[in-house]
Every structure is written in C-alpha cells, then in structure tokens.
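The following blocks contain the structures, represented as structure tokens.
Shared between the two complexes below is subunit A, which has subunit B as its partner in the first and subunit C in the second.
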Partner chain A sequence: MKPVTGKILWALLASLFVLPAAYLLLLSFSASWHFPLLFPDALTGKWWSLGFTSRFALLGSMGLSLGIAAGVSLLSTFAAFFSSRWMALSRYRSALLLSAYFPFVLSPVVLAAATYIFFVRLGWNGTVAGVAFAHFLIAYPYAVILFSGYWNERLLTMDALAATLGAGSFQRYRRVLFPLSRGVLALALFQTFLISWFEYGLSSYIGLGRVPVLTVEVYRYISEANPHVAAVASLLLVFPPLLMLWVNKRFLIRLI
Partner chain B sequence: MNETNMLKVIKLNKSYGKERVLRDLSFSLREGDILSILGRSGSGKTTLLKILAGLKEPDGGEVLLRGQPVLHLPPQKRGMVYLYQETLLFPHLNVFENMAFGLRVRKIPGSEIRKRTEQLLHELGMAGHSAKMPEQLSGGQQQRVAFGRALIINPSLLLLDEPFGKLDSRTREEMQELFLRICREHRISVLFVTHDLKEALCMGDRIARMEQGQLKMYAKRSDFIRDAATGAKKEMDFWTGIREESKMKNNEQ
Partner chain C sequence: MRILEKKSLKIRYLHRKAGLTLHVLLTLLPLAAGAVYALLYSVGLAGSLAAGFTLRYWESLVSRGTLWQTFAYSAYIMGVSIVLSYASALAMVISARGRLMERKGSRIFYLPLAMPALVLAFFAFRFLSGGGWLASLAFGSGLIASPQEFPELVNDPYGLGIIFVHFLLAFAFFSIYLDRVYANERIEEQVQSAQLLGAGYRQSLRRVVWPMILRKTWPAISLYGLFVFGSYEVPLLLGRSTPEMLSVRIVRMLSRFNLDDRPEAFAIVFAYMMLTVLLVFLLRKSKGGLR
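Right, the complex of A and B next:
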C-alpha cells in the first residue's frame, strides 16, 4: 500500500471514531441547534452542570458503573487466570473450554432470562450485587477463553521448574507467573472492564431499572427525548475506556 | 537400607492409557554419585525424572530419599531440582536474580543471597554477567546460569533431562567438563538422562540403560560396552574401522 493511501485510510478510520465523539461533545454544549444548521447557534455548560445535579446524578451512575466494572474485571480476570491454568492441566480441557463459549452461544440476554429465576430466589434481582454477578457470568468465561491459549507448554514447564527450585504455589504466582503475564493480564482486565462497562441488556434485565448504571441511564435519557443530557452521559461512558486504553497502550498495542 | 544410598526407587509403575511406561522399575543411587541413564526417545526416561521430581504421579511403587518416602511431598518440598533440555531462565529476571531465585523463595537474608550468588557466579565464570538479561547470553552461558540456579540451593538430587542437547559440540564438551567438576566439588548426586551414548559414558560414575520401562544397571563400564544392546561396541567398531581405513590410506600414499 502506498504511504498516501495508507494515510487517507488511517484518517478515514480515525474519523469514524472521532466524529461521533465530536458530535456528542457539541451536542452536550449546545443551547439550541436547529435544522439545517451545521453547528449549534449557541453554546452552554448547563447540560453538564444539570447532569451532575441530584435529578440526573450522572456522577453517581458513573461511580456505580466504575465500581461494578472494576470489580467484575478484577474478579473475572484473576478467577479466569487461576482456573484456566487448572484447565490447561486438566484432561477435560477441551470440554471445559467448550463450556466457556456457552454464554456467548446463547447470547447474554437469553442467559439472563434463563437464569433470572435464580436471581429472584437469591433476592439479587434489582440489586447492585445481582447486576455485578450477571456481568461476571459473561466476563469470566470470556477471560477463560482469552487465557486458554496462553498456558503453553513452555510456561507450564517454567512453572514446574520453579516448583522444583522450592517455590510454593503463592511464590510461583508472585515471582514467575504474574510478572511473565503482565501483558495478557492487562489485556484481560481491559477487555472484561469493557464487557461490564458497556453491558446494557443484563444491567437492565437483572437490575429492573433500579440499578442506575451509566448504560441504562443513557438509554433512559434517549427514550425521554433528552438528547443533551444523553450526550453528557454518553461522553462519560466513553471517557474511562479511552483513559484506560491510553494508560495501558504499551501492553495492549503489543498484544492486540 | 544401605546407609550410603541417597535415593532408592522401588517397583515404580506408570502407564499412559494402555501403554506401560515404567514396569516395576527399581534402582538405587549412592550419595555423590552420577548415574547416567541411556535410553531412546519414548523409553520412559523423562517420566521417571518427572515422577522423582513430583511433577507426575506414579501408579504404584515407592521412592525413598535418604531413607524417607517422598512421593507424598509436593515438588517444592523434595529438594530435587529438575533441569530440562531448555534452560528456561526466567526472562523477566537478570542473571543474578535467576541464580538467586531458589534463595529468594526460601526467604534467605539479602546479604547471604548476595554472598552466595556472587560466589557461585564467580565459580561458573559468570561474574561479569550478573546484570545481563537471559536473552543477552549465549547458549552455554544460559546453561551455566541454569546450573547455578539449581546448585545454589544445595539440592539433594539433581535430575538432568538431556541438558546439553541443544548445545553445539564444542560448548557441549565445555559444559560437560564444567558440570562434572562442579558436581564433584559439591558432592551432588545426579541422575543424568541422555540418548547420547558418548555423553552417557563420559558423565556417569555408573551407567544404566532404560528399555521397555525397566532400568538395567551395569556394575562396570566394561559391562556396558560389552552389552550389544547399548550400541557401544558397534559405535567403537565403527570408529576403529574409520581409523584403520585412514591408516591404510596413509600407508598407501
């Protein structure tokens, strides 16, 4: 590919990401924007300040979403890291890996509908714990699938060697496996965070609208025909993943 | 039990499905001895070493280390270090930290770690390389660090699974000499597995041959050479033939 063509393609791709965000930014600051004007005729900061009032409480929603996504991401990544190692050594490896695809074959919402009765029985429907657990049900198998190819012969042999050198299970994770796996752990943390962060169907279905995570709030403002606050909420939805991507770019770009 | 026995293996059995890899395998090893085990690929040599190291479970049998049963112990409690054909240096640690790994996990004080590691680095001719990362070392240097990493914890037994297999012939000879010298100096008991006839003869105080899941021990080196199944006689005849042929050619010229 010629360098000029490459640059044009790159600019087109970048604009695909940048233009929607730029549109939302403009919408969140527009006082009035009438068709067919290309840009708003007046700008205001009131939607941002309104978004953080008690009526909209977007900051609270953002905090809640962050808390759930961070918790789900940490729990599912580390649970999957340990269990995928166990799976790699298991004689039932293929069957176990196949079962990890199950939630995705079903689709997350069908999975939620199928397991909803258990959430009701446990009293978890309409609770933060219930929504977080529902997210975990799809983030964990995803992370297991991600790690399944990671436990190769070399890494397992290195682990075994460390054991014969006197390292117990904790020491092996601390001194060998975690340091060697920083990249893939960062990738799994990031991906599972995104799964939970952008999850709408499960949050809405299990949360019954009583758990105001950011995705549920965005849809609510859109359905209420409140595009300006919806734009503010959407930007808040986009910001943390972008920040994470920037912070972890060293690991992620190398791995993706 | 013989008091000088470091290791005693009694009727060890292991199968993979229908294939019996070890059949009532028994042998013993005296303290400070190096036992070379010669065997073809798939003869069960690696399985034997892995069972001894605690990385595989046998179907039956017993293993005594200094008279104590060890099969119930996890690998980290056995004091047997398994060295693979690949050096498997930890890529995130430099030479010093690779070597000191076994001391760090035992929570030895820092000053002691420094002293012992530097001493061994010097002994292995690696003193100037302590800050280097594994990928900056040659194959032979990596092998030295791998040995150092095993030796530093004074293992009861070293289990070597064709450790020089990936080295070129010259480096291989250097490493064999270094390895023998260090093992003699530290009086380390070693099980040395190889499929290389010459290496088996050079390295072992005693030699054994593994075939069909059993170990045949040879009391003397000459017994090993005489046994047609080892291939040693054939190999020697081959080289003698070559030598005589070249002698004849020289005489004709």
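Right, the complex of A and C next:
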C-alpha cells in the first residue's frame, strides 16, 4: 500500500471509530440539533444537569448498573475459577466445557424468554436480584471458557505440591492459586463486568422495565424521542469501558 | 493419620462434586428447562393455552413461511456483516504485514469495542436516518432537496443500518484478532519462505496466508456469526417489522396481546435453541474447532 493511500485510509478509519463517541458528546451538549443543521446551533450543559435530577435519575441508574455488574463479575469469576479447576481434573472435562458454550452463544434475550416462567415462579421477575441472576447465567459460562485453557500441568502440579506439603483447600487457593492467577482473574473480572454492563435484552425482559439499569434507561429515552438525555446516558454507559481501555486494552477483547 | 487422610480425601471429593454440580446447575439446567418448556408450550402442553397435544402451531409457522423467513433474514445479516468485516480486516492486516497494532494510534481500533451495541445503534439511527446527519450533509451539498429524498439506510428491508453497526463492531474485533494471529503464527516468515521458493505475491496469499489464517480463526468467526445471528438491540432500533431478525421477532410475538402468537414464538425459541446446540456440536467435532 502506498504511504499516502495508507494515511488516508488510516484517517478514514480513525474518524469512523471516533465518530460515534464524538457525535454523542456533541449531541449531549447541544441545545437543539435537527435537520438540516450539520452542527448544533448552540451548546448547553442543561441535559447533563437534567440527567442527574430526580426526574431522570441517571446517577441512580449508573449506581445500580455498577452494583449489578460488580456483583455479577465477582461471583461469576470466582464460581468459574472454582468449578473450572475441578473441570480440568475431571474425565468429563470436554463435555463439561461444551456445556458452557451453549448459554454463551445463545441470544441472551431468547434465553430470558425461554426461562422467564421460572423467574416468575421464583418471584424474581421485575427484581434487581432476578436481573443480576440472569446476568450471572451468561457471565459464568463465559468465565468458565476463559479459564478453561488456564489450568495447565504446571499450575495443577503446584497445587498438588502445596497439598502434599500439608496446605488445606482454603490455604491453597489463598496462598498458591490466587496469587499465581492474578492476571487471568483480573481479565475475567473486567470482562464479566462488561458482559453485565452492556446487557440490554436480558435486563429489559427479566426486569420488566422496572429495574432501571443504564442500558434500559438509554433505550427508554431513545423511544421517548429524548435524544439529548439518551446521549448523556449513552456516554455514562461508555465511560467505564473507556476507563478500562486506558488502563489495559486487553480487558476489552472478549470472545477469544 | 489414616483417619485424617481419609477425611481429607472425603473433603476433596465433596469439593469436586460441588464444583461440577454447580457448573451443571448453572449451564445445562436453565437451558434444558427452557428448551423443554418452549417445546411443551409449542405443542399445547404448557402455558395458558395448554389444551392437549397439537402440532397446529408448528404447522402454521411452517406453512406461512414465518420460520424460514426469520431464520433466512438473520442468516443474511450474519453472512453479510461477517464477510464484509472479516475481508476488510484481513486486507488491513495483510497490508500492514501483521504489525497493525504496533502503529501509532492503533488504540482507536479498541474504541468501538468500548461501546455497547445499543449505543452504536442509537448513533447509527441519528447518523443514517432520513433526518440524520448524513442527510443534512447531503442537503447542505445540494444532493437532496428534502429528507424524503434521502435513501432509506435505517429501518430498511435490506438491513443496511443493522449491517453497518455489526460491521463497525466486527471489523474492529477482527482487525485486532487477525493481527494477533498473523504475528503469533509467524505468517510473515512463511510468506517470505514461500516467495524465496518462487511463489508470487498472490500465490503466497492464496496458498499460505489464507489457509493458515482461516484454519486458526474460523472458530472465532463461527462464534461471532452466532452472536450476530441472535443479536437483539441493533435490529430492535434499526430494523423493521418485516422482515425481522430472530430475537426481535420472538420478543415481539411474546409481548403481543394475541395469545395465539405465544406457542408459535416458543416454537421459534425451541428451533433456534436446537440449531445453536447442533452448531456448537458441529463446531466442536470439526478439526481445529472449539477446544
């Protein structure tokens, strides 16, 4: 590729990738922005201040989303770490790992539709606990898949060595496995956090619109034709992943 | 001593059992329970319409072509999005010789991955619709005289808006992923060896780069394809009611007042779940597939 063509392509790509965030930022500060204006006629901070009033309560939604995502991420990471260790030692390892792929690849909202009746029977529909549990059902298999390649011979031997030297199960986790696995645990924590943080279909279906997580609120403002507050809510939704990108870009690459 | 050893073995056994039971409870049980419920509902054996075994909901779905239409439309969106994004990303990675992410400013490739699909769909709606930014640009440059003259890019029958958002997400993902594979598999060295042995540039691409990259990346392509196939937020905002993607159709049929739609919706749920299970099995069985 010629250097000039390469530079033009690079500039085009950069604008394509930066455009959504830049556009939403401008929209959130625009007094009004409609056809055929290419740029807003005036800038204002009122949508941001309005977004945090009791009418919109975006801060509360953000707090709720953060709470659910943090809880789901902690629980699914440690549950998956625990069960994947035993899976690595099991003779049914292959079949057990395969079972993790099914909920992982299925559309979350279809999973919600299929299992909704059980949430109703348990009284969990329309509740924060129900939405968090539904998120957990898709975050946990992801974490298991993430850990599946992690339990190698070396790690299992270290664990066995600690056991031979007299360490109990709790001690082995605390003194051997967790310290050795800090990197992969951090990766799983951040990625399962993102799974929960980004989830819309499952949250709206199980939550019945009564659990105002940030994604549900973004959709609500879009359908209410309130694009400025929707832009504010969207930017709040994008903020934690951008922070992760700044800390470590690896945290954002999911699936592989 | 022997008692202590026995006790430790017992605790270990219980831990193992607990770990594996937890796993089955969290992965297979909800899925199996959901699939059985969907099947029973679709044949009239569960739910508010249960009045004894019947195949009429399935027959109605098949005869009206709803089932095929929904699956075919989702497969079309998946195919176009994946082929376009994968081909573009591969072209970028090959032209950068696997050093795309070493370039200054390559962090921008991660930006779309920091955005939820819902937010990108919202942006695409504001950007591509008749009264959106692109239409304003076309109006400003004299290409159109009113928003109605602007081509339908969202809520259109070809799913252009949906494809645009999936392309943006998948292109960023595949660029990063393929660049990593290109470097890890030392493909550049293989290309140079092939060229030393007399292969031309195109030949080395066709015989070395393409087979090596495809073999390594097709599980990721398949998984990503399945995500696009079942995507919800993007077609919800950018799609139209006919044709409709699978997840949106299911949810819409389940939320209608007409209760007769519910068994048909559950029939689609069951068919989709079985298709997913089959595809994951095939992916697992195939050479170089899922671990």
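Basically, the second predicted complex is superposed on the first by the 221 of 256 C-alpha atoms of A that agree within 3 Å, B and C clash if a C-alpha of one lies under 4 Å from a C-alpha of the other, contacts with A are read in each partner's own complex, and residues count from 1 in each chain.
Note that in this section a contact is a pair of C-beta atoms (placed from the backbone, for glycine too) under 8 Å apart; a residue touches a chain by one contact, two chains touch by 3 or more.
Since the structure is predicted, the reported quantities are computational estimates derived from the model, not experimental observations.
**Q** Could you tell me if A:Ala162 is touching subunit B, subunit C, both of them or neither one (first, second, both, neither)?
**A** A:Ala162 sits against subunit B, while subunit C stays out of touch.
**Q** Output check: A:Gly130 vs subunit B and subunit C. Expected answer is one of first, second, both, neither. What do you get?
**A** neither
**Q** By the touch definition at the top of the document, which applies to A:Gly207: first (subunit B), second (subunit C), both, or neither?
**A** Touch partners of A:Gly207: none, neither subunit B nor subunit C.
**Q** Which holds for A:Leu180: it touches subunit B only (first), subunit C only (second), both, or neither?
**A** A:Leu180 sits against subunit B, while subunit C stays out of touch.
**Q** Is A:Tyr23 touching anything from subunit B or subunit C once the two structures are fitted on A? First, second, both or neither.
**A** second
**Q** Have a look at where A:Val105 lands relative to subunit B and subunit C in the superposition and call it first, second, both or neither.
**A** second
**Q** On the A-aligned overlay, A:Trp86 touches which partner chain: subunit B = first, subunit C = second, or both, or neither?
**A** Touch partner of A:Trp86: subunit C, not subunit B.
**Q** See if subunit A has more residues touched by subunit B or by subunit C, and give me that chain.
**A** Higher number of touched subunit A residues: C.
**Q** Tell me the contact category for A:Ala114 with respect to subunit B and subunit C: first, second, both or neither.
**A** A:Ala114 contacts subunit C only, not subunit B.
**Q** Which residues of subunit A touch subunit B once you look at their complex with the stated criterion?
**A** 154, 157-158, 160-168, 171, 175-176, 179-180
**Q** Once bound in the complex, which stretches of subunit B touch subunit A?
**A** Within the complex, subunit B contacts subunit A at residues 53-55, 74-76, 78-84, 86, 88, 90-92, 101-102, 104-106, 149-150, 153, 159.
**Q** Contact residues on subunit A for subunit C in the complex?
**A** 1, 6, 9-10, 13-14, 16-21, 23-24, 27, 34-38, 79, 82-83, 85-87, 89-90, 92, 96-103, 105-111, 113-115, 117-118, 136-137, 140-141, 144, 148-149, 169, 197-198, 200-201, 205, 215, 218-219, 222, 227, 230-231, 234, 237-238, 241-242, 244-245, 249, 252-256
**Q** For subunit C, which residues count as touching subunit A in their complex?
**A** 11-12, 15-16, 19-20, 22-24, 26-28, 30-31, 33-35, 37-38, 92, 95, 103, 105, 107-120, 122-123, 125-127, 131-133, 135-137, 139-140, 147, 168, 172-173, 176-177, 220, 223-224, 226-227, 229-233, 236-237, 246-247, 250-251, 254, 265-266, 269, 272-273, 276-277, 279-281, 284, 290-291
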